[in-house]
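Two complexes come next, and they have one chain in common, chain A, joined by chain B in the first and chain C in the second.
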Partner chain A sequence: MNTFISQLINGVVLGSIYALLSLGLTMIFGILDIVNFAQGELYMLGAYVGFFLIAVLHINFLLALVISMIVMGVFGILVERFSFRPLMGKPHTSMILGTVGLSIFLMNGAILIFGAEPRRVGTPYSDIFVNLGPFSLSMQRVLVFAVTAALIILLTLFIQKTKMGKAMRACAQDLTAARIVGIDTNRIAMLTCFIGSALAAAGGVLIAPLFLVSPVMGLKACLKAFVVVILGGLGNVPGAIVGGFIIGIAENLTAGFISSEVKDLIPFSILILILLVKPEGLFGKYIPEKV
Partner chain B sequence: MKRGIIFLLSIAFVLSLLSFPAFAGKGVIKIGMIGPMSGPCAFQGSSMKKAAEMAVDEINKKGGILGKKIKLIIEDDESTPVKAVNAAQKLVTKDQVLAVVGHYNSSCTLASMEVTQRNKVPHLCPISVAAAITGQGYKYIFRNCATNPMQVGQLADYVTQNMGKKGKENRVAIIYEQTDYGKGIMEVFKKKVSAVPGWKVVAIEVYKPGDTDMIAQLTKIKATKPDFMLVGGNMTEVAQIVRQAKEIGLKTQLLALGGVSTDKFVKLAGKENIEGMVNTSYFETTSKNPLAQKFVKNYRARYHSDPDMFAAAIYEAFYILDYAIKKTGVKYKSIKKWRKALRDVLANIKDLPGVQGPTTFGPNGQADKKVYIVRWENGKRVIIYPKGS
Partner chain C sequence: MMKQKFKSAKTFLIAASLIIAFVIPLITENEYYLHTLIISGIYILLVLGLNLILGYAGQLSLGHAAFYGIGAYTSALLMMKLHFSFWLALPIGGIAAGIAGLMLGFPALRLKGPYLVICTIAFGEIAHQIFMNWESLTRGPMGIPGVPSPGEFSIGNFVIDFSEKQVYYYLVFIIVIIALLLNYFLVRSKTGRAFVAIREDQTAAEVIGVNLTFYKLTAFLSGTFLAGIAGSLYAHYIGFISPESFTLGESINILVMVIVGGMGTIIGPIFGAVGLTFLLELMRAFADYRMVIYGLVLMILIVVLPEGTMGGIDILRRNLKKPQKI
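== the complex of A and B ==
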């Protein structure tokens, strides 16, 4: 029972990161209709910005988190302006090649600038331990979950309660109709990329002290984020959150009670199952392709 | 006109293929070294290059071997077997080297030793540890370092003989990388430890190279209450595992293998997380072996940094060649006969001192090497076996 609860806690922490990464991915798809294969690289760059602020400039961790989110948010706007906007409305193949190219460019750029070897970020939170009876977990892990929860609540409030959020929802429903009623869709696209990129950066900075920071860290993470997004439904925000936690918990329970050899098998089995049984995802609605 | 140029070029090309390469016996002895000068293992490759250049300069300064200077030819394999084979092919046919030293990656050595064996060129393998390299009965391959099963076996022997609690059950957990390398470590360690009375393997877990989150596996291991945990993998993942073990409060005696015996490991893992950890090591700069001390001193003077185990292994290989070539004498008119004679001398080497300890090649070309066992104390490695070295 104790092991079960520990594995559950581990799953929730890991799921938080998956949720953060998938949120950006699903929002960009929902509004720009672009599958962003470079989402993992935004997460990696966010971690490097965090590393620089924490390990080199010795800035407080939470402040570094906020700065990194803003820096990467602005970077997201640049990506939208120079990479996504020219791709919008183009055939799906050009769109995929475009973002895959961006991913390769950013990863190799990072290898060139930061070097291929991994780096370690230390924060005071990784040395504080929280003891909950038989379980021990570092403050950093608690922080991962707490910050993720806070960001999800803020994002939901923003989307549901503000005028901008309403405009975003309108764009997600129908971009042309949104333009007809006078919404500046370019601004909404920029805003979406700002948020998507900032959330990925938050994931990167939160995870940096737990794992190591390296230029290739985005690859595996992005793959998992795709599983999450398909599980939750493409373009569906609550779906990405629930999907993230499902995959995180499923992975940890598999490793804990079946075998660590099949740990990575489970998320992808879920992916195949969903594609076969409910291709629109758990929360998605079936929309026929517009002709 | 254009056809005329193409015709001339083709003739030039054919002639260049026919032209006989200059025989090495005219004043210089050519020795080839292949390693990852670029690519993912370029860092280790640069250590190999530094050590090779240092050894060759030293030998040449003393007048060379048999009155001939050594000419070192370095080739890049980029850690890929295809490039390794091409490089070996170039060295043995175009450059006509007397011997080849090389490769960092076992996969590269396994590929290029086909070329050296076919062309009957002595091939020294100082770094690659895959057991199969000297396990196939090839006559021209010689390895002057312990194989993976050898180092795991020596670690298991040391741990079971010196670190166990007498009269109590000693519980061992193993977490290993899901590759041939990691699997080999797990199998040998499990077999050795299980055979000792009072010792029991209670948990075996795996992870994949590049994994970052091993908390699930470690939580499972923690539930089995192990006294020892062997981490069988490469430096980056081992660093994550020891940190995460600390994080979930898993308190055991940590054990690991040679790959972590570098100063970089302390930076990645954090010195407080590896205090007391015991691992094998192929080379330590604090070794009391006089040859090693001299090597460390000269290396520091030349490169202003400490040599690592790869540098030591390459340096030793060049001195093994120095000794063996001297013994072959100068009477060989053809490079083929000279290579054969060199192979025969190498095969009979016994207790030749070197920076990593004495070398004796067995019937498969495998040297019977001992590894060090070290313990981490305050971010530094202290040799605990063999005693007094």
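== the complex of A and C ==
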């Protein structure tokens, strides 16, 4: 039972990261129709920005988180402008290879600039422990979940309550129609990439103190995020959140109860199963709002 | 008139490159060139396989390295653990990959676009995890060293030793030629036309009576069979296999060869396979910058030449057929 609960907690923490990563992936797909293979690299670069702010410039963790999100958000806009926009309207194969190229470029660029060796980020929150009955967990883990929850709430409010959010939902439903009614779709695409990239960066900074930061951390995380978005329904925001937690928890429970070797096998097996049984994902694709 | 000229030029080019490919080992003793050529030949097989699945049947797969790996492991293990002869292990490696290809084909039947791609990635990852974690059989991340070469083959006093690079080159060369011929006849047969019909418009193909299940599975079966053969040839040539050789990165390389070469033609992907293999070797001079440049070039190339470098007429025809975007 103890193992169960502690693995469940680990699963929720990991699930938070998957959810943040998948949100960006699913939103970019929903609006630009692009499966972004470089999403993991945005997460990795976000972690590196966080690393430099925290370990080199000694900036407070939460402030570093915000700065990294903004920096990577702007980077996301550049990615949209110079990589995604030229790919729009091309066949799926080209779009996929285009973002694969971007991913290879960013990952190897990171190896070149930051070096291949993993780096450790220390925060004061790793040493504070919160007691929950028989369990104690580090403040950092609580923080991961709390920040993720806060970001999800903010994102939902933004999408549902603001005019920009409404425009985003319109674009997700039909890009051409959105353009006809006067929405500047290029701006919405840039905004989507800003948000998607900032969320991935948040995931990277949050996970940095728990695991190591390395140039190859993005690839594996990105593959998991693919599983999550398919599980939740491609282009579906609530689906990405729920899917993220399901995969995170499933992975940790497998590690705790079966063996850590098959841990990585589980998400992909779940994926194939979902594709066989319900390819549109848990939340279906006929939900009118994709964002 | 123009077409005639083009055709004869094409025939001439094909004949010339075949002759060059045939005589190269006779003129050069350079082991490194031979090595790169053998690897190119193995990539040609991989690319021909993926080209059947993607270029002709229109099913985008990013799991091709899984079948390459299945062929390599099957063939190596059969020869090492069960003492099969190479000539038996090679086709069984192909068949094992083909069966795995059918296993991927079934879920892939209902999927399109990004769903299909992610499904094939998941399949590749599962295969990779199995190579990594089934340690009693595959030795996990340590890999299997000492995979035997096909050995000697003697006709009377005449001994052919396949551990020599030149001899192995001709083995790969002959298998590539056979694969090419089969490919050529396959895509020009009823099956090939069915593939193209599915690629161009799945619903229309079904309406005119193309059996989608049968032809999609045929595409997966034949494409992955070739990958398995390539895997077997790789294992017995290099002599060492490990999960590192059969990753998503490898699948991406194979896909890049097909796309940059020009999918849906036979010559294009071959051009892509040989070109990229040599290019990646040449780019070793850039050391650390190699993969950065590769990524950047890929990004640019996809935007500038989305349909690949080859197959001019074919591409033009396809472009005309493509539904216009509003």
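Quick note on the criterion: the second predicted complex is superposed on the first by the 285 of 291 C-alpha atoms of A that agree within 3 Å, B and C clash if a C-alpha of one lies under 4 Å from a C-alpha of the other, contacts with A are read in each partner's own complex, and residues count from 1 in each chain.
The rule is simple: a contact is a pair of C-beta atoms (placed from the backbone, for glycine too) under 8 Å apart; a residue touches a chain by one contact, two chains touch by 3 or more.
No experiment lies behind these values; they were computed from the predicted model shown.
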Requested in this report: Would you sort A:126 into first (chain B), second (chain C), both or neither based on which partner it touches?
Outcome: first
Requested in this report: State whether A:251 touches chain B only (first), chain C only (second), both chains, or neither.
Outcome: first
Report summary line: The answer to whether chain B or chain C touches more of chain A is C
Requested in this report: Could you tell me if A:10 is touching chain B, chain C, both of them or neither one (first, second, both, neither)?
Outcome: first
Requested in this report: Answer with first, second, both or neither: which of chain B and chain C does A:118 touch in the superposed model?
Outcome: first
Requested in this report: Give one of first, second, both or neither to describe whether A:212 is in contact with chain B, with chain C, with both, or with none.
Outcome: first
Report task. Tell me which partner A:136 touches in the superposition: chain B (first), chain C (second), both or neither. Result -> first
Query raised in the report: Between chain B (first) and chain C (second), which does A:86 come into contact with in this model arrangement: first, second, both, or neither?
Result: second
Query raised in the report: In the superposed arrangement, does A:261 touch chain B (first), chain C (second), both or neither?
Result: both
Query raised in the report: Counting only touches as set out at the top, which of chain B and chain C does A:2 meet: first, second, both, neither?
Result: first
Query raised in the report: Both chain B and chain C touch chain A; at which residues?
Result: 261, 264
Requested in this report: Would you mind writing out the residues of chain C in touch with chain A in their complex?
Outcome: 54, 60, 62, 106-107, 110-111, 113-115, 117-119, 121-123, 125-126, 129-130, 133, 248, 252, 255-256, 259, 263, 288-292, 294-299, 301-303, 306, 325-326
**Report entry** Residue ranges of chain A in contact with chain B within the complex
**Finding:** 2-3, 6-7, 10, 14, 116-118, 120, 122, 126, 129, 136-138, 141, 207, 210-212, 214, 216-217, 220, 251-252, 254-256, 260-261, 263-264
Report task. Would you mind writing out the residues of chain A in touch with chain C in their complex? Result -> 29, 35, 83, 86-87, 89-94, 96-98, 100-109, 111-112, 176, 219, 223, 226-227, 230, 234, 261-262, 264-265, 268-269, 271-272, 275-276, 279
Report task. Sort out for me which residues of chain B touch chain A in the complex. Result -> 40, 43, 178, 205-208, 210, 212-213, 215-217, 219-220, 223, 236, 239-240, 244, 247-249, 264, 267-268, 270
